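Following this line, the structures themselves.
After this come two complexes, each holding chain A, first together with chain B and then together with chain C.
Moving on to the complex of A and B:
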C-alpha cells in the first residue's frame, strides 16, 4: 500500500483539531470573498454611486468612499490581487530559501559561508524597507513588489531550512548513500527535502502572513496597486480622512486583512502541532517555541 | 541547550586558560557587523546609483533631454566609474556628509539627524513597555498554565501575531481618537524644533500601536520558556522544599527562562525599526520612517540611501547587542565550550 505523503497526513490532522478547523474556515472565508468578490459586487469598482463618505443606505450597504464609490464593491474587488501577490511571493520566497538553505547545509564549507553571509546582508534590512528601496528605484510595479517580498523572505527560510537540513545531513543513512556514490542532488531530492516537509509547511504559513503584512503595507503607503484600482491597503489610506462620517471604508478592509492573518496564524499553529511525531524527526520541536522564534525574524 | 548538557559541563574550567567568551563575542560580532555594513552600503549604493534611472533622470523626470541629463550627471559626478562614485560617497558618509537632498537641496545629514532621535523615542518606548508587558503576561500565563486566563491570552496572542501595524493603528484611531472616544489626537502636530516627549499625548497612539504589534512575540516566547523552566528538576526541587511560590517563579525559574526570550526581545526591536515606517506615516510623526516614505515618493536618492543605511546599522547593532546580552544572562553558556 502506498504511504500517504507526510504533508497530507499533517494537514489532515491539523484540520481535525478545533483550532485548525477554525483557522482554515476563517482564512478560507476571506479567500472566498476576495476570489468571488469581483463577480458578485453590485457595482463597478470605479463607478460613482453615492456622495463621498455617504452613510450606509439601501443603494450602498456600506456607504460611499472618498470619491463616492461603493465601499462594499471596492471591498469585494480589492482583495484578490493582494492575496494572489502574497501567495506568489510566499511560494517564491520559500522555494528559493529552502533550496539555498539545503545547499548550504548539505554542501557545507565554502557554499555554506557564501550563502549564509549573503543571507546576513539581506537580513540587515527590515523587510518593508528592503521593498521600499527596490520600489524607489524601479517604481511601484507588481512584479517588483512580489520579487522584493520573495527576496526578503528567502534568507529567513534559508536559515530555518539549513538548521533542519543540517540535522538530517549528519545522519548515518545520508552518509552511507554518499559513500555509495549516489549523487548529491538525488540525495537532497529524495531524502533531505522530504524530511523538511513539516518545517517548510510551518514556514509557508508564517511567510504568508508576513507577505500580506508587507504587500498590504506597501499598498497602504501608496506604493502598491495604483488608484483607481481597489486594494485593501490603499482603501484604508484613502478613506482615513472620512473615518468619522463613514467608518466602513476603513473598517471593512482592516477587518478582512485581520481575519486573514488570524486564520492563517491559527491554522499554521495547528499544522506545527500536528507535525509532531509525523515522519522520522530526531528531535521533537516545540512548535510554540519555533513559531515564536521564527515568527519574529522580520 | 538541555538540562543534561548543562550538568555535564558544570566543572569549573581553570581560570588561567579560560578565554573570555563575552569579550571574544563582542569583538568577533563587531567585525562581522562592520563587514556586513560595508556590504549593505555597497548594495544600497549599487541599487540606487548605478542601475538605470539614476538620480539625474529622477530629478529631471520628463524634462530630461540628453543634454540636460548629461550636464546634471556631470554635476552629480554620475559619469565617473562606479567604484570611484562609491568611494566618494562612502568617504562622505564617514565624514557625516550624506550629500544634498534632491527634493529641497538641504544637506541630508541635518534632515535625517534630527529625525533619528524622534524615531528612537518611539522605538525605545514601545520596545521597553512592550517587553515588560510581554514578559509579565508570559510569566503569569505560565504560572497558571491551562487556566482560562492562559487560554484566552495564548489564543489572542497567536491570532494577532503579524497583524499589520496600519490595521492596529486605524482600529486604535477609530476607538480612541476619531469615532468612539476623543481622548488622543489622530495625527501628531509637532511644532518644528520641539522634542517629541514635550507633548506625550501625541505619543500615546503611535507607541500603543507598536506595543500591540510586538507584545504577542515576547509573550509567546516567555510563556513557552517559562513553562520549560517550571518543569525542570531544580524548580520541582525548590517547590518540594517549600520555597514560596513567588520566589520559585521570579528567583528560580525566571532567570533561566529569560535567556531565550532575550533573542525574541532583540528581534522585536528589529521589527520596530521596520514598524516605525508605517506608524510614523499614519500618525504624521516626524521620524525616519516618515522621511523614508516621503523620500521614496520623491525619489530623493541621497535621503533614501542615508535612511536605509541608518536602519541597517541599527539592525546590525541590535543583533550584536542581543547576542552579547543573552550570553551575559545565561551563566551556562558563558562557560567556554570544551
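Moving on to the complex of A and C:
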C-alpha cells in the first residue's frame, strides 16, 4: 500500500493536537474574514458613510476612519490582497531558497561558495530594509513588493535547507545512487528533497508570518497599495492620528495582523512537533523506546 | 596491577563470602498502560547475583532488554517505562526503594557506569583532569589518588592526558579515562555497557584485561553488557543470556558456552564464526517478539527447533542442569545441555581455480591534506573469488572500497576492471563499468531512503541501466527479492517496516538486480546481531556461488573472514601487511601485526569443533 504523502500525514497529526487546532482556527478566521470580507461588507470601501473618526454607531458599527469611511467595511476589504501577496511571496521565497540551499549542500565546493556567499551578502541587510531599498528605487508596484519580499526570504530559507540537506547528502542511500552514476538533479529530486519535507513545512509557516509583517509594514510606510484602496497596514497609518476619537480604525487591522501571526506560528509549532518521527527513521530502532513514544504520541 | 596499601572504603565492609555484592530479585520493568494497549512488561522475572570481584556477562541481541536491566541497576529507567516490581540489592540495600536524592549519592560512589561511547560521555569542553577531579570533589574522595587511579586504568603517564581535552585522546584512551572515572571512588558495583564495541581488537583486549584486573583487586562486582558472546567469554565468570525480556539461561561462563542448555544460546553459538575453522553459520529463523506481543508459553518457542507441544502451554520454569548452578528456562534444558558441543558443520571452501583477475588494484595511494591514508596498495580479485580486506578502524580499508566504487576520486595508481582501466570518479566510468561493480554499505539503517518503497529502491538501478517495460521491471524486482529470501510482497513496504537483517537483504537485492560481476561489501554485517549476520553471510555465499560473483569483503572481523573468504589482505595504517590465501594467513601468519591481531581476537576457549 502506498503511503499518504508525508506532508498530509504531518498536517493531519498537527490538526489533531489542541495546539494545532487552535492555531488553525485562529489563522483560519482571519483568512476567512479577509477572503469573504469584500462580499459581505455593508458599504463600499471608498464610500463616505459618516464623519471622520466618528464613534461607533448603528450605521457604522466600528465608527468612521480619517475621511469618514466605514472602518468595518475597510477592515473586511483590506486583508485579501495583503494575504495573497504574503502567500505568493512566501511560496516564491521558499522554493528559490530551498533549491539554492539544496544545490549548495549537494554539489558543494564551488557551487556552495558561490551560493552561500551571495546569501551572506543579502543577509547583511535587514529584511525590511532590503525590501524598502528595492521598492523605493523602482516604485511601489505590487509585483515588485512580492518579489522583494521573496528575495529577502530566499537566503534565510537557503541556509536552513542547506544545513538539513548536508546531512541527507552524506547518507548512504544517496551514495548508493551516486555510485550508479545517476545524475545529481535526479538524486536531489528523488532522494534529498523528499527527506526535507518537514523542515520546509516549518519554514513555510515561519516565512508566511514574516511576509505578512513585512508587507503590512511596507504598506504602513506608504510603499504598498496606494490610497484610496483599503489595506490593513495603510489603515493603521491613516487612522493613528484619530486613535483617541475612534481607536477601532487602528485596533481592528492591528488585531487581525496579530491574530494571523499568532495563529500561523502556533500551527507551525505543532507541525514541527508532529513531524518528529514521521516518514521513517534512518537510525537504528529501539523497540522499547518506540513503543514508549507511540504511547505518548496519542 | 598491585593492590594499593592504603585503606579503601570498599574493603572496610566485612562482606562475608556468602553474601553477594549484587542481588537482583524478580526485577520487572513495565511500559505504562495507555488507551491503545494494556500494560506490557519489557523485562520480567530477572534474578541473578554477583559476588565481589566477579564479572557477570549479560548478553542478548538488540531488543532483548539487557540495557534496560543495566540501567535499572543504577536506579534508572528509560522514558515511558517504570519499575514494576522486584529488588536490586547492593550489599543488601535496595536501590530501587531510594529517593532520587539518595540515588544521586549512590551513583558514582556505590554504583558506577561505563558507557558504550566514552567520547560522548566526557564533556568535550573540559579537560580530562578537571572532569576526574570533579568526581572526587562530589564524592569526597582523595584527589591525590588521581594519578594512581589513572595508572590502574592503564594510563601510565597521566600528566599529558589530564591536561588534554577528550577529543585529543584515542578511543582506547577515552575508554580508559571513563574506567578511571568509574573506579575512582571504589564503587561496590560497576555496570559496563558494551564498553569495547567501538574499539579494535587489540585495544579491546587491553581494556578487558584492565577491567578484570580492577574488579579482582578491589573486589568490585561488575555487570558487563554485550551482544558479543566471545567478548563476554573472555571477561566474565558467569554469563546470563537474555531473550525477549527474560533471563533464559545463566551459569558459569565455561560451562554455559561449553554446553549451552537453552536452544537460543545454542543457536547463537552456532551463528558465530570461528577463527579456527570455517563452518556453516546457522542463522535463526524469525525474530524476537516485541514487548506486549509475546506468544503464550515460551517466548522462543516459535523459533525453536526443539519445541514440543508443552512449550506452548506455559512459560517454562528455570531448570537446573548442573550442581554449579547452571540453569535454563527450557523444558528440554537437560536434553539440550547433554548434546555434545554445538554441532558445527565444517565448510569445505573449495577454492575456485585460479582465473584471470576481474579487479586489479596496483599502487593505489590516497592522502588527505598530505597525510597518507593508503600507501601503494596492490591486490587482485580473481573471478568467482571472495577476497577479504581486514584492518582495524582507521586502517584505510573503507577508503580503498570507496576508491574502487568511485565514491572517492582523489587517488593515484591504477585500478583495472575486466582488463580496462577505471577512471577515478563515477563520472569518468562507462555505464557498463558502473553496472558491473556494485556496492553494499555497512549500515542498513542508513542505506535505504526512508521515503521510498522497497520496490522503488530496488527499481532505481534497474531503470537507470535498462529500458524495461513496467511489467518486466516489476518481475525483475520480484526476482531480486526472492533471490535474497524475501517475499515479493515486500516491494510495497517501506524500510521502517523492516528489521535490520531484512533491510540488509534489500540492500543486497538492489546491488544484485543489475547482474554485477563484482560486489564490494563494506562491513555489511557489523551493524547486525550475530544470528542475523549468520543468515546474511550464508545468503551472500550462496549468491556468490550461484552467480559467479567476485567479492571484495571489507571487515574487521577475523573469524568472519575464515568463514567467508578465499584470500585475505591485512591492512594496517594504510599499508599492506600481509596477503595470501585465508588458510595460510590465518593459520600461519608471517607478519607480526597479523599475529597480534589473531592473538587479540576474543575466543570462547572451549572446543566448539565437536560434532554431535
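To be clear about the criterion, the second predicted complex is superposed on the first by the 279 of 298 C-alpha atoms of A that agree within 3 Å, B and C clash if a C-alpha of one lies under 4 Å from a C-alpha of the other, contacts with A are read in each partner's own complex, and residues count from 1 in each chain.
Methods note: a contact is a pair of C-beta atoms (placed from the backbone, for glycine too) under 8 Å apart; a residue touches a chain by one contact, two chains touch by 3 or more.
For clarity, every value in this text was computed on a predicted model and none was experimentally measured.
Contact with neither chain B nor chain C is seen for A:8 once the two complexes are overlaid on the shared chain.
Of the two partner chains placed around the shared chain by superposition, neither chain B nor chain C is touched by A:114. In the superposition on chain A, contact is made by A:177 with chain C only, not with chain B. Of the two partner chains, neither chain B nor chain C is touched by A:59. Once chain A of one complex is fitted onto chain A of the other, the partner contacts of A:40 are absent, as it touches neither chain B nor chain C. In the superposition on chain A, contact is made by A:216 with chain B only, not with chain C.
Of the two partner chains placed around the shared chain by superposition, chain C is the only one that A:194 touches, whereas chain B remains out of contact. Comparing the two interfaces of chain A, the one with chain B and the one with chain C have residues 286, 288-289, 291-293, 295-296, 298 in common. Residues 19, 117, 120-121, 123-129, 132-138, 206, 209-210, 212-213, 216-217, 220-223, 233, 236-237, 240, 243-244, 247, 250-251, 254, 257-258, 261-262, 265-266, 269, 286, 288-289, 291-293, 295-298 of chain A are the ones that touch chain B when the two sit in their complex. By the touch rule above, chain A contacts chain C in their complex via residues 1-3, 6, 171-173, 175-182, 190-191, 194-195, 197, 279-289, 291-296, 298.
On chain C, the positions that touch chain A within their shared complex are 31-32, 34-37, 40, 42, 62-63, 65, 68, 78-81, 290-292, 405-407, 426-427, 429, 431, 434-435, 438-439, 441-443, 445-453, 457, 460-461, 464-465, 492, 494-496, 500, 507, 510, 527.
Listing the residues of chain B that touch chain A in their complex gives 32, 36-37, 39-40, 43-44, 47-48, 51, 53, 155, 158-167, 170-171, 173-174, 178-179, 217, 220-221, 223-225, 228, 260, 263-264, 267-268, 270-271, 273-274, 277-278, 281-282, 292-293, 295-297, 299, 301, 304, 308, 311-312, 315-316.
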